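The same subunit A turns up in both complexes below, where it pairs with subunit B and then with subunit C.
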Partner chain A sequence: MTPNPTAPSKSSRRRLVAAPALLAALALTAACSNSSGGSGDGGGGAQTLSGDCAKYQPYAGHSGTTVTMFASILSPESDNLEKSWAEFGKCTGIKISYEGSNDFESQLPVRVAGGNAPDFAIIPQPGLLAQMVKSSKVVKPPAQTVANQDKWSPVWKTYGSVNGTFYAAPMSANMKSLVWYSPKTFKAAGYEVPKTWADLMALSDRIAKAGGGKPWCGGIASGTATGWPATDWLEEVVLGTYGGDVYDQWVGHQVKFSDEKITAAMKTVADWMQNPAWVNGGYGDVKSIATTTFQDAGAPILTGKCLMLQQASFYKAQWPKDTKIGPDGDIFAFHLPAVNPAIASPVEGGGEFLTAFASRPEVQAVQNYLSSSDWASSRVKTATGWVSANQGVDKSLYTDPIDRLSADALTDPGATFRFDASDMMPAAVGSGQEWKSLTAWFAEGQSIQKTAADIDAAWPQ
Partner chain B sequence: MSVPGTPSPAVALAGGAWGDAAIKFANSFGAIAGFLGILLVVFFAAGRARGRLARPLAVAVFLGPAVLLLLVGLVVPLLRTGYLSLLNDDGTRFVGGENYGWAFTTESVQEVLVNTLLWLVIAPLVATGLGLVLALLVDRMRGQAVYKSLIFMPMAISLVGASIIFKFVYESRGPGQSQIGLLSQLAVALGWDDPPNWMLSQPLNTFLLMAVMVWVQTGFAMVVLSAAIKAIPDEITEAARLDGAGGVRLFWYVTVPMIRTTVVVVLTTVMITTLKAFDIVRTMTGGNFGTQVLANEMYSQSFVQFNTGHGSALAVILFLAVLPLVAYNIVQLRKERGVR
Partner chain C sequence: MSRLNAHDGNPLGTRRGSPVRKAFSSPLASVFVIAVTVLWTIPTLGLLVTSLRPKQDVTADGWWNAFVHPDLGLGNYHTVLFEGGSGVSTGLMPFLVNSLAISIPATLFPLVLAAMAAYGLAWVRFRGSDTVFFVVFALQVVPIQMALIPLLRLFSGGAHLGSLTLIPPVDLKGSYAPVWLAHTMFALPLAVFLLHNFIAQLPRDLMEAAVVDGASHFKIFRSIVLPLCTPALASFAIFQFLWVWNDLLVALTFAGGTPEVAPMTVRLAQLAGSFGGRWELLTAGAFLSIIVPLIVFFSLQRYFVRGLLAGSVKG
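What follows is the complex of A and B.
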């Protein structure tokens, strides 16, 4: 469960910032709006684009058409999306009518079942994609979109596929295997960024013995979605201990939660995030992890009460505005090392998939464009906070150090990338029992055996 | 935007937004105008009708819209929910009573039912009782309007808002850290060095959540009961006093019987609100730590886990639980009206 719990908080924080920015943008564009030539506004049919628009030639010929898009991304973040394809729209004359909703996950199935499907939906969970494909309303992508997929590592294609058929091209990627820390605090205390799991554990122990702040803080409270950060911890450990194959079998329930491999991984998580000497810096005991919101969890790092937090790349939005983020700033992040050194650079992440519900030529043109490296580069240039695992995006376009770090890990051909497991498991488990049981595991000190058995029991037959 | 000559996306965006807004406004105005026009035509036509048809037509015109809205908004969804509760998780296969079996045999759902029952009994009783006591205390006080307004004030806050306030009150920090929650700080001030993490302390946490409901609903109970107490004719209380009744006896044998129907209406109204209390639990614990209630579980089954079968079955159970209360409430309201 990635964007849903974060969306409201992120957007509400940024809305305050957005108003003056928008005013400035309006003033700027008012000054130079006359010079924009309407090169693409001509009639349909065999249309040739020239000048700045020439690169959109493959998508031309559908001027005056409108394509609808529905997603969970809200303003102001959705404004960056719209800006990223504004030039495309101007040149080709295809209007992308975007609608964002807080209730995307529950509204989309209703709309599709009611025969009112949008042309496109940006779906963040492969599980929801599978559910939509089951409704047989999802349209297979055109050949060009499939070809564009070559720029992504092959595993991504499987996440956009249902039962071996490719349906939806990924638009963005995010990296979850990060540990946030303060380079300043580390430097002052003489700590090194650990390269292996053993180093990480040794460092945690050293920090704990040194007194002062505790090595770790964490928070898994997130309203109805309480528990999701704990699923990430377990996923990181499963992937970093056993590698991709066991992880895939676990997602498919061939390896159950009560399998000794998974309970051993839970033990590893318990030794790490349920170690009373190591957590919960700045908040209290182990149980306080269950009542600390994931948004608040990292705040004690700034005051030195806690030194590390495992949380995804999108946690960047939670730091106060004047925090200096960078390798020698107040805050930065490092790649969580693999538990088992034999597993090459495990990366757990998430992403969003462009799903089409129509096959009109203009819909396919948009689908082709949004799956291309050109669009990915355009979006990266528009604003920070967006990472693509598309190999065709020039890395120097990433101006933000966290974006760059994530992009490097996500496009690393040697990395073991896997999608967030709870997003792929059936909703009854991945956004239901697993959240609840892992929360009870932290909050009530429930045993690993009972936690695992409860989750297995909720798996749909 | 820095390079002149490139298209200006922001202007296009802003223009698009204004255009969209204009279209939406035009659409809504058109719809309202059309609706009024149709109403006028219908009323006019019905007004012209004479003779045998006039009365049934008038009944149909006045009753029609209400019945139609009731059908669309209540009866059809009710029937559909009932139907969905007999189907599997995505509504594609008939499973009979399986979902109800699940609801009554699953351990976690049993806990939900027990919690809901606790809420149903305790929160309304405490809110009404407190409301009654406050109404009596404030009744003969000088400046009672001020006290009443203060006590009634929480009623103006949404349950979500109230929950967020109390979430801060119950916030807890480990020993050695400075407490930021009011309750924890009070406990520390009273000499309790390490107060528990309130939201995690079962079964105390369920009662702490109920406190939010009581805080909000007490004002409502007090205002309504206070009005009922004032409506008791002075002759009756005076007569009782002359007969030697005072204090507690006056309260139990005169005041309470005189306002009995109002007490019942207040009690049942708070009960119905309590049964639907989903915002408090959702905001404060998300249904974790053993505090889940029926309404919240129903929501999470239907819209988080997308299991419409389970969700609908819980909705039907909730509906059946509320039904007798609503019926009793209406009967009492009618009685009260009859008295006046």
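What follows is the complex of A and C.
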């Protein structure tokens, strides 16, 4: 098959081998010379910071070092993060090399398993944090970071902990229990912002009967994550109906989806967001909720075709630039009332946790700084759209009314705060079957029993 | 279409009068081909038109409305190139440079290695050469997704057998090298297979004549084999270049997303922002990333058709 013209001479064979080897060597030298950038003058030692930099003295002594950070936050939000620690970096000489990716959740486990973990990851899901801790690559925080947790309500510490050990300090908090509406439209029609669930339902009915716009709009389409806004609706109703204990048991699967408590909550959601007379303002029937993207969902509020949208505080980024947001503006939000009036101010929210994979002194210095009230204040001052549940942050720093509203609810000691349940359930359910089944529930009118049974069946044993 | 035209660029040479060729040159077939081409191009045209429209128009109606109410501008392109999309300080330029710095070496390395390996396996007789060839070819079945973590471990931790270090860990973090190496490794099986079949079918007389004239293996490879298998090399180069240029997974895993090393694909994936607020920039970004592959394709195109038949039937 492969004819041989001649017996090869020894020298020619050697040359044949040498060429690729030379090429590979060239590639490696080129690569090595490329990778050495980044660290500057080195050294450090006992350095004293003065003037504006004096407040960073506790973090000094690591000049010329670089720490890497990997997160799911992309620009423009990540630009504000980088700005918020720019002064820290300039004063201490610690460079924070930030990398944002929208494949964060799948890339982080790959990099950690491959021995290529970043120094820090900003993890938004306690479930992913637990998975990372299991890999035994997560490093426990230094004492100062632990002490900084006093400024957060204790429930936050449990969300940064795995099996009772505290690993990751929360950086930000967001509030999901908000209803977006148009104060202008409400005022013109003489509607009041409802204070109780019964008021909210009565108002919806009144709007529906009045004709014109429908009371609610919604959209749960979000690419491969389609269905997640529907999980929030269910979570808010479960939390607002039964309170924190049942919610926690539900997250831990002691209370199953097919439990009558949860199916009753699903019925409440169905009466609200699957009511053909109430949805889907501006888009069509109930099924259109499944095909409307969550980004577009609220747009009809501006034209009056829809009056209310239940969506998280970060939905603010979706309004057109010239929209006036505020209590007297085009758009504002109110706190979704509890289904059961006995539950004190239920707040469903999310947050991001700073997880360290290294214990070098400069990494710990950054970890201490980012868990402090100073940094939280610095981030709040940099730009709107960021809320911390850190009680050491002066509320007057929040210039945006939505941020202020969220901050008030999140730091309220009387509120029943719970973390987004689907982010805490095992990924196979919380970011898998629950999304799929709830989407089918909206898109195909699948029964509550089947939806609940399907989700339970996907729970890892 | 006619016999005259069929003369040049006909890779099969002798089969000018075959029924297949006749069927393909009938006017009906031409109309069909043109229709398919137009249909095939419409989405790309839509992408181009969308990239030129401002955001509020794109939200309001479909791209075809641009022909009725033309309101086209280069605003999106300006934002993507110089402002970097959703507010990031650098535009697309550093990522374009990274893409080139990744794609060109990641195309040349496997090309050079595979051409040499293919010649060696085809014309240098040694014990087990067929087995080596078969094993190399069989390696194609390893999916890249499965090899990511082991490869990453190899780079960051080296390979050990007990206390014996087989391969020392190399600190390649934050450089192009891991991406080059990964792409080279995964390209080699197909490249060796493709080029081997092409090179093995070169006329034996040529090789023998060269040997009689006293040429060494390297001389034969350089002066006879390489010029003769240019079509195969070019077609593989196009394949590999397009694959590397469009790759997101390998780049994301081995290079990461920092502006120092990340290619265009990584940046495109982030362009719309955390909550998809700037999605109108994606079309412009996509078009900018098409330009380079188009240049490569058109400049190597004349080899492509010939090279496609590399390793298949020879007339």
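Throughout what follows, the second predicted complex is superposed on the first by the 418 of 461 C-alpha atoms of A that agree within 3 Å, B and C clash if a C-alpha of one lies under 4 Å from a C-alpha of the other, contacts with A are read in each partner's own complex, and residues count from 1 in each chain.
Here, a contact is a pair of C-beta atoms (placed from the backbone, for glycine too) under 8 Å apart; a residue touches a chain by one contact, two chains touch by 3 or more.
These numbers were taken from a predicted model, which means no experiment stands behind them.
Engineer: Given the touch rule stated above, what does A:Ala317 touch, subunit B (first), subunit C (second), both, or neither?
Structural biologist: second
Engineer: Considering only touches as defined above, state whether A:Asn102 meets subunit B (first), subunit C (second), both or neither.
Structural biologist: In the superposed model, A:Asn102 contacts subunit C only, not subunit B.
Engineer: For A:Ser258 in the superposed arrangement: first (subunit B), second (subunit C), both or neither?
Structural biologist: A:Ser258 sits against neither subunit B nor subunit C.
Engineer: For A:Gln57, decide between first (touching subunit B), second (touching subunit C), both and neither.
Structural biologist: So A:Gln57 meets neither subunit B nor subunit C here.
Engineer: After lining up the shared chain so the two structures overlap, which partner does A:Asp79 touch, if you call subunit B first and subunit C second: first, second, both or neither?
Structural biologist: The answer is both, since A:Asp79 touches subunit B and subunit C.
Engineer: Kindly classify A:Gly115 by the partners it touches after superposition: subunit B alone (first), subunit C alone (second), both, or neither?
Structural biologist: A:Gly115: touches subunit C, not subunit B.
Engineer: According to the stated criteria, A:Thr291 is in contact with first (subunit B), second (subunit C), both, or neither; which is it?
Structural biologist: first
Engineer: Intersection of subunit A residues contacting subunit B with those contacting subunit C?
Structural biologist: 28, 30, 32, 35, 37, 79
Engineer: Once bound in the complex, which stretches of subunit A touch subunit B?
Structural biologist: 22, 25-26, 28-30, 32-33, 35-37, 52, 79, 82-83, 86-87, 89-91, 95, 105-106, 109, 131, 134, 221-227, 280, 282-285, 287-288, 290-291, 427-428, 431-432, 436, 439-440, 443-444, 460
Engineer: Within their complex, state which residues of subunit C touch subunit A.
Structural biologist: Those in contact with subunit A are residues 84-89, 105, 109, 112-113, 116, 120-125, 129-130, 148-153, 155-157, 170-177, 180-181, 200, 204, 207-208, 210-211, 216-221, 252-253, 256-258, 260, 266, 269-270, 272-277.
Engineer: Which of the residues in subunit A come into contact with subunit C in the complex?
Structural biologist: Checking each residue of subunit A against subunit C gives 1-9, 11-13, 15-16, 19-20, 23-24, 27-28, 30-32, 34-35, 37-38, 70, 72-79, 97, 99-103, 107, 110-111, 113-116, 293, 295, 314, 317-318.
Engineer: Would you pull the subunit B residues touching subunit A in the complex into a rising list?
Structural biologist: So the residues of subunit B in touch with subunit A come to 1, 4-14, 16, 89-90, 108, 172-175, 177, 197, 199-200, 202, 282-283, 285-290, 299-300, 303-307.
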